[in-house]
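Working notes, structure below.
Here the chain labels run A, B, C and D in written order, and each chain numbers its own residues starting at 1.
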Amino acid sequence: MKLWQKNNQTMDSFIESFETKGDLVLDQQLTKYDVYGSIAQVKMLEKIGIVTKKEEETAITGLLEILALHKKGKFILEQGDEDIHTKIENFLTEKYGEVGKKIHTGRSRNDQVLTDLRLYTKEHLLFIWEELLELISSFYAFSKQYEFVPMPGYTHMQKAMPSSVGMWGASFTESLLDSLYQLKTAHELNDKSPLGSAAGYGAPLHLDREYTAKLLGFENVQINSLYCQNSRGKIESLILATLSTILQDINKFATDVLLFTTAEFNYFTVSNDLCTGSSIMPQKGNVDLAELLRSKVHIVTGNYLQIIGISGNLPSGYNRDVQDTKKPLMESLELTLDCIRVANILIHKLHPQEDKMKQALTPEIYATHSVLQLVGQGMPFREAYQIIKEKLDDNLTHNPEQTIKQSHHLGGTGNLSLGRYFAIVKHEKERYNKEMGKFTAAITSLLTCTQHETEKLAINC
Amino acid sequence: MKLWQKNNQTMDSFIESFETKGDLVLDQQLTKYDVYGSIAQVKMLEKIGIVTKKEEETAITGLLEILALHKKGKFILEQGDEDIHTKIENFLTEKYGEVGKKIHTGRSRNDQVLTDLRLYTKEHLLFIWEELLELISSFYAFSKQYEFVPMPGYTHMQKAMPSSVGMWGASFTESLLDSLYQLKTAHELNDKSPLGSAAGYGAPLHLDREYTAKLLGFENVQINSLYCQNSRGKIESLILATLSTILQDINKFATDVLLFTTAEFNYFTVSNDLCTGSSIMPQKGNVDLAELLRSKVHIVTGNYLQIIGISGNLPSGYNRDVQDTKKPLMESLELTLDCIRVANILIHKLHPQEDKMKQALTPEIYATHSVLQLVGQGMPFREAYQIIKEKLDDNLTHNPEQTIKQSHHLGGTGNLSLGRYFAIVKHEKERYNKEMGKFTAAITSLLTCTQHETEKLAINC
Amino acid sequence: MKLWQKNNQTMDSFIESFETKGDLVLDQQLTKYDVYGSIAQVKMLEKIGIVTKKEEETAITGLLEILALHKKGKFILEQGDEDIHTKIENFLTEKYGEVGKKIHTGRSRNDQVLTDLRLYTKEHLLFIWEELLELISSFYAFSKQYEFVPMPGYTHMQKAMPSSVGMWGASFTESLLDSLYQLKTAHELNDKSPLGSAAGYGAPLHLDREYTAKLLGFENVQINSLYCQNSRGKIESLILATLSTILQDINKFATDVLLFTTAEFNYFTVSNDLCTGSSIMPQKGNVDLAELLRSKVHIVTGNYLQIIGISGNLPSGYNRDVQDTKKPLMESLELTLDCIRVANILIHKLHPQEDKMKQALTPEIYATHSVLQLVGQGMPFREAYQIIKEKLDDNLTHNPEQTIKQSHHLGGTGNLSLGRYFAIVKHEKERYNKEMGKFTAAITSLLTCTQHETEKLAINC
Amino acid sequence: MKLWQKNNQTMDSFIESFETKGDLVLDQQLTKYDVYGSIAQVKMLEKIGIVTKKEEETAITGLLEILALHKKGKFILEQGDEDIHTKIENFLTEKYGEVGKKIHTGRSRNDQVLTDLRLYTKEHLLFIWEELLELISSFYAFSKQYEFVPMPGYTHMQKAMPSSVGMWGASFTESLLDSLYQLKTAHELNDKSPLGSAAGYGAPLHLDREYTAKLLGFENVQINSLYCQNSRGKIESLILATLSTILQDINKFATDVLLFTTAEFNYFTVSNDLCTGSSIMPQKGNVDLAELLRSKVHIVTGNYLQIIGISGNLPSGYNRDVQDTKKPLMESLELTLDCIRVANILIHKLHPQEDKMKQALTPEIYATHSVLQLVGQGMPFREAYQIIKEKLDDNLTHNPEQTIKQSHHLGGTGNLSLGRYFAIVKHEKERYNKEMGKFTAAITSLLTCTQHETEKLAINC
């Protein structure tokens, strides 16, 4: 039964299915966070005198039972259930009585689902943060290992100047560090508790919003009750734009791998256990993996646009359209997490073919170096350029290893400054550990202060 | 003549037009920044001994002349010019001789245009930052002025609970502060000098990249030469996602204004001088302004997609496709700046119709308050809810002013905590002044150390 | 086991899951179509002498068994299965022997999955076609019923000129007819058989592609083998743009319903059984349905962009990236079908509040009519306009019913020409029946010529 | 002065600029079509007795003068002008008196600008249609010329099976023919006159909408007055989705050209006069052209999204937001036209390196052919596949020319069926000529029936 139904009211089942079908699958994944939010809420209600200490304990026992059932796959939303919030309230009321009727005091499903999504997002951003640091470390190690291995550098898909495997690898290291920087901002904007904003206009109660925020491990309260609702769509869109920066990095990595593993380039090989075959052509060994990494940024971009489109041109206050932003948000977070892990596997199984790359450093690629040799002898650059342009057929060959070391300015092939990245990664890992630690501690505390009950239920929260 | 042309080479003029047409208009706007970059480059070349002190002075004189001509509208790119970089080099070589042939030493148009765009973006982000603080202040003042003016609050476009004009205004204050927070991150990621990365692979010279970065007022060097090029598209996309958050805020504001100024709602009026009429219907006075504010987030979203699409699935290194990211970037920055200013005008000319809003607080909007009264008397929430649901026809009227003050939890209508915003705005203005000050000082210094020449040219840089 | 695996080859299970996870769910829905395609293929292989008549019969028996199992939910893809094509081939080989090893002759999974998707799309486009005609008929009936009921017409969200409920309803009738016109084009472009194009380069066999096309009910063969693969992404994108036109119509309808059912407008009411309540506010009755209809065009737009993004900047030939276009395609087809049905329910439960609309025809809305009265007396339009503009405070009231009948030019409120739509709908229903009939006949024939086996299996195809 | 201004009304000039700035540039390009629409309107007003024959002649004289001035670049919109419609009415009134005040009778700027845009779009779609047929003919000729030139075929960016230059070229021929098919549908949906729908609700006059439609060369009237306005955004979005299909074809062509002209592949060369150089690297010869062709589909996709976003979630009737759809529409039409022309130049200057491609047909590419040889000897496909998979190191070499002729099924390398395309192109050219002829005849007739006046003005319409 819906929370708002009168006894005599019915609803077309096709309509009901249209309104909730895909949403229940998502709500299932929110169960854990909804329980967290409800525990925090009931603790706060006790603090301000709306439920008794005893009721609080009863409610928490019930909520922990739900959590335990959920972990065993026995708390399943089905067609007819309106949403996770309703199912939880109904379960409590049926099994634990009165207190079930009280847990919704001072909140609305509007702030409740938003709280769930913020917690879901927070946890996933922390996972992404961690995996991203791993991936960055892998690229760092890769570029360290092949720091001075010569490799042609391309512009316009044509050979341009000598480069190195180290430069190529380090380009992703630095790029992903930028993405990480943005990730932290998205994390901070998400790290605000909307709980207590109710339907978007607060409630005439002494709700202690700072207390629930702290219990749930949020850094701040999102103050304005109306803004809490109005931020739906906006904060999500920014999170997806953030994930997109990571996936853009991975897209470029995958695109390079696919080009550089063609038989024609043959600069890298990928371990056989990552390749797949063809149903018709026996000779094939394809790096499908990289193709499926390459495509994902476009999925998340499409999801971003869904969120922007859905929430655009809508007036203030909750509009149910935003229910449809849950899927693009949650899907994108999971997808990005997977992609980072897969990219990390790929970089570990990618093997430079050093000889092939050296062979590909054909004479004309040194033309600019020849120009700059003349410049070194005092000739104006443009003159030297025109002279070399006329003499391209001459043999301009240089020594590859020496050549790449000559570019020893900051960020040149001879001076990749990898140590700088190492220092940042080290610092960022500490920062991450601190952030993750705070969140884990809050949630642990939220659950363990009720240790008594959990023992009774024999569940491990 | 193109920098790379041999004497005998020609190019189809239709093709030439296709390749540069729209781009020259954009390059025109980059003239100033290209001059800055060239001055920094020539100073650095002098520092590392590639040009003499005298050549440096000659080059700077020439570059300042270009700046002066540009400001008078007399340095105009025309069909046949390849780009601003070429035009400047050619101008210098023709009028100032040898040194013109040297200024390109150690750079490529690839890092040159990227430097221009970073400077253009930096300056515009700073302008946006400033105007955004103004707009936030206006919303703050608006919500302060009408802090306790009752107004219906809506969900699903239906009356939900009593709200206030103060809460509505403050929702934008807090929302824009979040957008500002993100803006600063985008600013920092943009605030890195790519100069010296050349074509994307550095150069075998002692380029002092930290020196040019400092001269141009950049906070950091973007280290990896290849990443400099690979970041094209990525950093821009993040900047546009950031602008989008601001325009999403403005979109909601405009959407609300359009709904609340309908004759049917009539909660606000807009000063007559902001309204436009109809060519056929004499009675009309439309807030077209708000419609044109509402549409802009969609322009920037489309521009975002262009940038993501263009740079997706492309291998590492410069690809000319990215030329087409200049327009969506530059257009979006200008558009956002305009929108913030216009929104600021609109909020100043928006007049709450307090009586209308009070009349609109019809009894059923107090239903939740009636429920919570019963809760206050000890009844479980869900029971109270069902009781009130049965009695909706009874007169539930409350006193509007009193009611909104009852929600005195943090972020409720009775406790908007406007002071917190005020404190942040104050702090952010200081932060902005410092940031803008540093940039202005750097550019001023870049130009004034050559005061001698500027006097000769009678120009004011 | 994968079709292409050597015995000793293994694959990381996380990678395997990344590559197929979401895809298996989609493949499950393609089972039916994959069986169709395989039956057609085996018949053709018999025709050109590659399998014997007996082998053909065995294979078809096996394929029909798969179909029967699938319908009972007993042919389920699981983690470890690579795709539906592999599972079917393996099943046949294990249970029916040799012929299982032959059914892949002359095809690749590349053309196989494309054939499946074309059939899936064709069937869904036909369903959409049918439901769309129903919805158009409903809007026609609605506008016929309320043809001359006066209603304010709006521009810029402000009252503009008198309109009618009939004009409002008929605007959707005509709009959806345009969408239907486009739908037929998308259908025709999809209605081409790619079977026999193999991996994208054909095969050195006498494949009779026209025969398989006919067996599967395709109107044409998609000739060029490479284009078959290159069209992936392209044809899908056009189908989604087509679905978008339908959802844009529905978006406007839903947006209007939400505005016109606000308490402030109150021009329409929606039957109670379509409304939903609030968990906190007892008085609420929201048309959530319309909000969830409103949002869907944005989902499909995002899906469109995923498809465009994924397939952009990719070279010719199959690239596995396109696997990720299956979900946005299939989801969009289902979503659109649902939305059309829901919109049809909504229009039937939408009740004009005729009195409210008449009251809303306040005097100033007749200003243009007053102007044109003066024009009728010989005054130039712009003069009359200025005169009325000065006299807006005078009472300009006209009779609403008479007024709307005065606009009797084609497409005016007095001459909606509803009969024209009726004639088109009638004609289109015949066209649809013919098209659906052809497809049904082909599939029925594909399955019943093997009636003998179906009887043995006691299945109803 | 604005048409709707009272004498005492002023408007902030920054606001005015915000509202019209970019729009005036677009309106300038609409001048011609606005004159056409006004001539048709005034003829119709004479027909229904609102202006006299003499007034009609005066008005047309004035309108033709505007056309003549416009062609000489002397009818320029400037800041302060509201739009082209206003400027034309004001010009007529000032120079030709009374009749200027009458030409707006029975229309609004809402239907006027829509008429202009439909005419602009129609003319550009016809241009695109023509150029598209040229491009298709070029691809046809290219594939005819190299019909049996062997070339490796790729999947997953790895060599897959032997293909041919003919198959590659023909894939674009067939793809563009599909795009053409869609183009005609978009053309038909655009080919409807909205003139007379006024502000979106018609007018109480005997407007003869079928007469103005015929005068302007429209195939049909868009009947429902409200739908005329509601279709803004929708029809445009479909047109852009159509242009996108063309640009997707061109994107793939350009992507292939860029891959196949790398030094590593070297399958094609591009004539030197289409290549551009580098400012720093003397050896470079890049096919920038193809990069700038590759990027354009993303511009149009972004524009598509702008249109969908702007018009989404908006209620029925004109909303000024749609002003911002003019730019993405007009820009996309011009861009597509340019791209088709440039692609046509590129295909003519693309030279297959037949020897390189033959060398690239390394033994393993024939693996599938070896499998199918065994199949020809009676072995089941999957068995043959496994046998060849074990023997990949054996020399599987086949004769390239013979091999590609063996795939003689419809659409295989040995049977490209180019004649079918030729027949369609021939038919489509006739169809185009007829369509273009009708439009030209209508516009010529619209202008020449007033030959008397044109002679006086000595202008050539």
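Rule of thumb we're sticking to: contacts are C-beta pairs under 8 Å (C-beta built on N, C-alpha and C of every residue); 3 or more make two chains touch, one makes a residue touch a chain.
Only a predicted model underlies this, so the values are computations on that prediction, with no experimental measurement involved.
Undergrad: Using the touch definition from the top, how many steps at minimum link subunit A to subunit C?
TA: Step count on the best path from subunit A to subunit C: 1.
Undergrad: Between the options A-D, B-C or B-D, which interface matches A-C on more than half of its contact pairs by residue number?
TA: B-D
Undergrad: Of the other chains, whose C-alpha centre is the longest way from the centre of subunit A?
TA: So the chain farthest away from subunit A turns out to be D.
Undergrad: Centre to centre, by mean C-alpha position, how many angstrom separate subunit A and subunit D?
TA: About 39 Å separates the centre of subunit A from that of subunit D.
Undergrad: Taking each chain's centre as its mean C-alpha position, how far apart are subunit C and subunit D in Å?
TA: 25
Undergrad: Quick check: what residues of subunit A touch more than one other chain, meaning two or more?
TA: 3-4, 104, 155-157, 160-161, 198-199, 203, 259, 278, 280-282, 284, 286, 288, 291, 294, 297-298, 301, 304-305, 308-309, 312-314, 319-320, 368, 385, 389
Undergrad: Across the complex, what residues on subunit A touch subunit D?
TA: Residues in contact with subunit D: 155-161, 258-259, 261-265, 278, 280-288, 291, 305, 308-309, 312-314, 360, 362, 364-365, 367-368, 371, 385-386, 388-389, 392.
Undergrad: Taking the complex as given, what residues does subunit C use to touch subunit D?
TA: Against subunit D, the touching part of subunit C is residues 3-4, 6, 50, 89, 93, 98-106, 110, 153-157, 160-163, 167-168, 170-175, 178, 181-182, 185, 188-189, 196-210, 221-231, 233-235, 237-238, 241-242, 244-245, 248-249, 251-252, 255-256, 259, 294, 297-298, 301, 304-305, 308, 311-320, 368-369, 372, 375, 380-383, 385, 389, 403, 406-414, 416-417, 420.
Undergrad: Quick check: in the complex, which residue numbers of subunit C touch subunit A?
TA: 2-5, 9-12, 14-15, 18-19, 85-86, 104, 107-109, 198-199, 203, 272-274, 276-282, 284, 286, 288-289, 291-292, 294-299, 301-306, 309-310, 319-324, 328, 338, 341-342, 345
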